[in-house]
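Here come two complexes built around subunit A, the first alongside subunit B, the second alongside subunit C.
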Partner chain A sequence: MVTAGIDIGHESVTVVILHEDGTLGHATFVISGEVGAAAKLAFEQTLDRLGLERAGIHRIFATGIGRENVALADGHRTPMLSHTRGAHWWLPGARTVIDVGAEGTRVMRCDAHGTLTNFALNDKCAAGSGVFLETVAGMLDVPLADMGALSLRGSRRVVLTSTCAVFAESEIVAEIHRGSSRADILQGVHESVATKIAAMSRRVGIEADLVLTGGVARNVGVAQALREQLQMDVAVPEHPEIAGALGAALLAREPAGAA
Partner chain B sequence: MTPDQILEHCRDLSSQPLGAVAERWKATHPGGRVVAAYPVWAPAEIIHAAGMLPLALLGGGTSVELTHADARFQSFVCSVAKSSLELGFQGIVKGVDGFVFSNICDVARNLSSIWKRNFPDAFVDYLHLPQNSTSPGVPVYAANELRRLAAGFEQAFGLKVTEPALAKSIEIYNALRARLRALYAFRIAEPQKLSTTDLYAALRAATCVPPEEAIGWLDALLAALPLRDARPRDRLRVVVEGAFCEQPPLGLLEVLEEAGCYVVEDDLLLGWRWFTSDVATDGEPFERLGAAYVNQAVPSSTRHEGREHRSAGLIEKVRRSKAQAVIFTPAKFCEPALFDYVLMKQGLERAGIPHMIVEFEEKMWTFERTRNEIETFVESMLFD
Partner chain C sequence: MVVCGIDVGARTAKAVLLVDGAIAAHSIVRTGPESAAAAVAALDTALAATALRREDIELTVATGYGRVVVPFAQRNVTEIACHARGNQYFFPGVRTILDMGGQDCKAIRCDETGKVTNFLMNDKCAAGTGRALEVMASLLQVRLEDLGRLSLEASNGLVKISNTCVVFAKSEVLALARQGVSTPDILAALCDGVAERVKGLLRGVGVEEDFAISGGISKNIGVVRRVEQKLGTISRICFEPQVVGALGAALFARDFLGRNA
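So, the complex of A and B:
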């Protein structure tokens, strides 16, 4: 059985094709225009790349913020359910999953079967999200992809005290004027983001193994700051940004997944 | 009338400002007085027995901007207290002659004094409801407190609450509550035919008219609802608990249902359905009403009950309504609900009943995060 998962994020669409033997094909596209049309285009282009036909896909599930607008999907599941399932497939020992996307952070607990048992989400505060990191990257003129590595060279001289993204930006401007290095500022930013994520995680309860998913998981500075905050290992999949779509594809395999 | 027509009438009634409701009633009852009660429970029977119209003072909902009340409260005070006071400042309760508050929490306790200070011409009474449910003298105390309230009405308005009038009012409110219990029982049996937003419309409208009038259209609704055509869906049956004082925005109730729930029990407008069975019809009526408050009250976070664990009533509600889960919906800053949440959560976990919590404010206007949370909860139970 070949299934597909389509994850509609705030900025991108990710498509995962899951084969019977567990091998994957996946692609991520930046959203431009209407969500349903973007999902359709992304899905068709992914099939083209993999040389597959629509008729060969048994079932398609959508997830993410725009999941209900994906007309080509056979059903949809919430991001928390999908990310948990995707992370657990990648690391069967996972019991806690933290997903940090562009505009929100979610913390999920699951059992040995990857079944969701508890969760919390924070999608209204920018301070613990990817958009905040993008803003900081722009302020410091550092490519987003380089932020993490650069921050690891920081000397822990900058501490951001604000819990609000807007005030944190003011603090960053003050640090720039004070002459703090970009590495130090970025390290402070990542520690600040990790502090907020850790606080939310403790509300849900943290149990090893812990997997970090979502686009922000690619930032090694955030992952490292989180390890230090939580004093435990934080596993990051090879493609953390596809966990939601992967989970949706896995959920589409299940008999109860008709709707 | 069809259920839709009756419910439309209910929505129309409850969408009117409290003062307009009072003035409309007074237009047909010259010289009449209107008294509004702050949640959770107040003896509407006594207001009614004095020949007055009892109404519910339930805050400003989504429609009133706070322009004065914020300056009178700390930032950590719940919305319903602030917006209720704001109704006074904006003249929205003009036409309501009296206000009754009680000791349900520290905020409500002080709201009566704040109200008195800001609106000295209004009749304001603070009802000291008993918190002790086990001492033999408690029903007597409760009856005396109700007599004191009645004496206050007589002094302020010259309207006496006689025992025969109170006995009659008790019968009428027994009849009203019986209809409301029947509506709740119907929703447990056939939730696909009576959504919570519809039930709430009927319940809320019943607080805007004399009970005799509400009984009329509740009977019509109860007769017509079984004829509604609706197919049961694969949804999660839930009990909603925590919105007994500040009322959630309709949008939240809609999201609960759209996200895949059948709400089969709730504690919305709890004070108007306060007694689990009819108040006794024999004996001195103040004593009967006082005894009912002590011995027949629904479990509530605003009334201490030393005879059973706080979660017992909730678990019984889950079992009776054949619910699969509980969704706690405390208002932000609601101390009674949030304190009890811990006890109830522990009780549910011991009983193996899944639960989640969604805080709300009456002026909450965006529900996407809540929808996501509830959908995840529903999906994790139905599909995961």
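So, the complex of A and C:
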């Protein structure tokens, strides 16, 4: 059985095509214009790339913030259900999944079957979000993809005290003027992001194994800071940004109406 | 008796000179990277408007975020106490004060002597502070001082901004602008959002009349009108609402001297 998952985030669409033995392929596209059209384009391009036909896909589930706008999907599942299922499939020992995306963080607990048991959500505040990290990358003129590695070379001199991302920007400007290195500033930023994620995780309760997903999981500085603050291992999948779409494709294998 | 009050805020430093209990001069200067230098500049600007010299000042009290770094101040008092005291000087009947500055927002209750009885403060989140409007003014390329007036030119009150967070609201504002929503309509929604946050803080301490507004935000007619509408009351705003904290500090300086005499 071949199924598909489409995850519509704030900034990108991810498509995962799944068959019995694993993923056939996946792709991530930046959203431009209308969400439904972006999803359709992403899905068709992924099928093209894999040489597949729409008729060969047994069921398509959408997830993410824009899941209800995906007309081509057969159904949709919440991001919490999808992310948990996706992360658990990748690491069956997973009991806690932290998903950090552009505009929010979700912490999910699951049982041995990868079924969601509890979760907490922050999509109200940009502190600790991917958007904040993007802003910082722009301010320091560092490519988003290089932030994490650069921050690991920091010497722990910079501590940001603001809770709010807007106020933190002023603190960063002050650090730039003070002559702090980019590595030091980034380390301070990642520590502050990790503090917010850790605080939220503790409210839900953390049980090993812990998996970090979402675009921000690609930032090794945030992952490392989280390991130190939570004092436990944080596993990061090879493709952390596809966990939601992967989970939706896995849920699409189950009889319609289940979950 | 010549006393001085200095209020070093996140955005501006203010000075008030009191001569025998009357305001002789006041000043407002931008706070640069050096808070102490801004405090000195505020003092010198105020002195320049009078025939007074620094040596004439018997006591200086500092307040605001930077109150501990003012080199020439002998004492310091919290800005909450100073705002209550300063507003009570202008409006003896005042019982509730909204003070909204560049980086925080305070709802203060006081008694008939201007003594603080309760307060709530937001300095953790930029939403509902002057900073939110500063960010949006620059995003929409509107001068901060024009923002409130423009917001009253909105065609209707139908545009809403659903995000509280300033960072997320920026994306929402850009999306609205791209859809062709007029700048006054967007500004109206932003001022309404700020007023809504402020209302929450004020409800937390309970609003009793008279109600006064001070701090930079009181110069924003768009926010002031909407706060008044939401509370169903009118606000009292003195002639220079940005120096109320510094005035309060100067009044405390006068008290301190009187007590020692």
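Please note the rule applied: the second predicted complex is superposed on the first by the 253 of 259 C-alpha atoms of A that agree within 3 Å, B and C clash if a C-alpha of one lies under 4 Å from a C-alpha of the other, contacts with A are read in each partner's own complex, and residues count from 1 in each chain.
In this section, a residue touches a chain if its C-beta (ideal position, glycine included) is under 8 Å from a C-beta of that chain, and two chains touch if they have at least 3 such contacts.
Predicted model only: the values in this text are computed from it and were never measured.
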| item | value |
| --- | --- |
| Superposed partners subunit B and subunit C on subunit A - clash or fit | clash |
| Subunit B versus subunit C as contact partner of A:Leu144, first or second or both or neither | neither |
| First (subunit B), second (subunit C), both or neither touched by A:Phe132 | second |
| Partner chain in contact with A:Leu24 - subunit B first, subunit C second, else both or neither | neither |
| Which superposed partner A:Phe167 touches (first subunit B, second subunit C, both, neither) | second |
| Touching partner for A:Leu121 - first (subunit B), second (subunit C), both, neither | first |
| Partner chain in contact with A:Met80 - subunit B first, subunit C second, else both or neither | first |
| Touching partner for A:Glu254 - first (subunit B), second (subunit C), both, neither | first |
| Candidates 21-29, 201-209 or 237-245 of subunit C: the single one with C-alpha clashes against subunit B | 201-209 |
| Shared subunit A surface residues [contacts with subunit B and with subunit C] | 124 |
| Parts of subunit A lying in touch with subunit C, wherever the complex brings them together | 103, 124-126, 129, 131-132, 135, 163-167, 174, 177 |
| Sites on subunit B touched by subunit A in the complex | 234, 368-369, 372-373, 375-376, 379-380, 382-384 |
| Residues of subunit C that touch subunit A when the two form their complex | 33, 103, 124-126, 131-132, 135, 163-168, 171 |
| Subunit B partner contacts - residues on subunit A that touch it in the complex | 77-81, 85, 115-117, 119, 121, 123-124, 251, 254, 256-257, 259 |
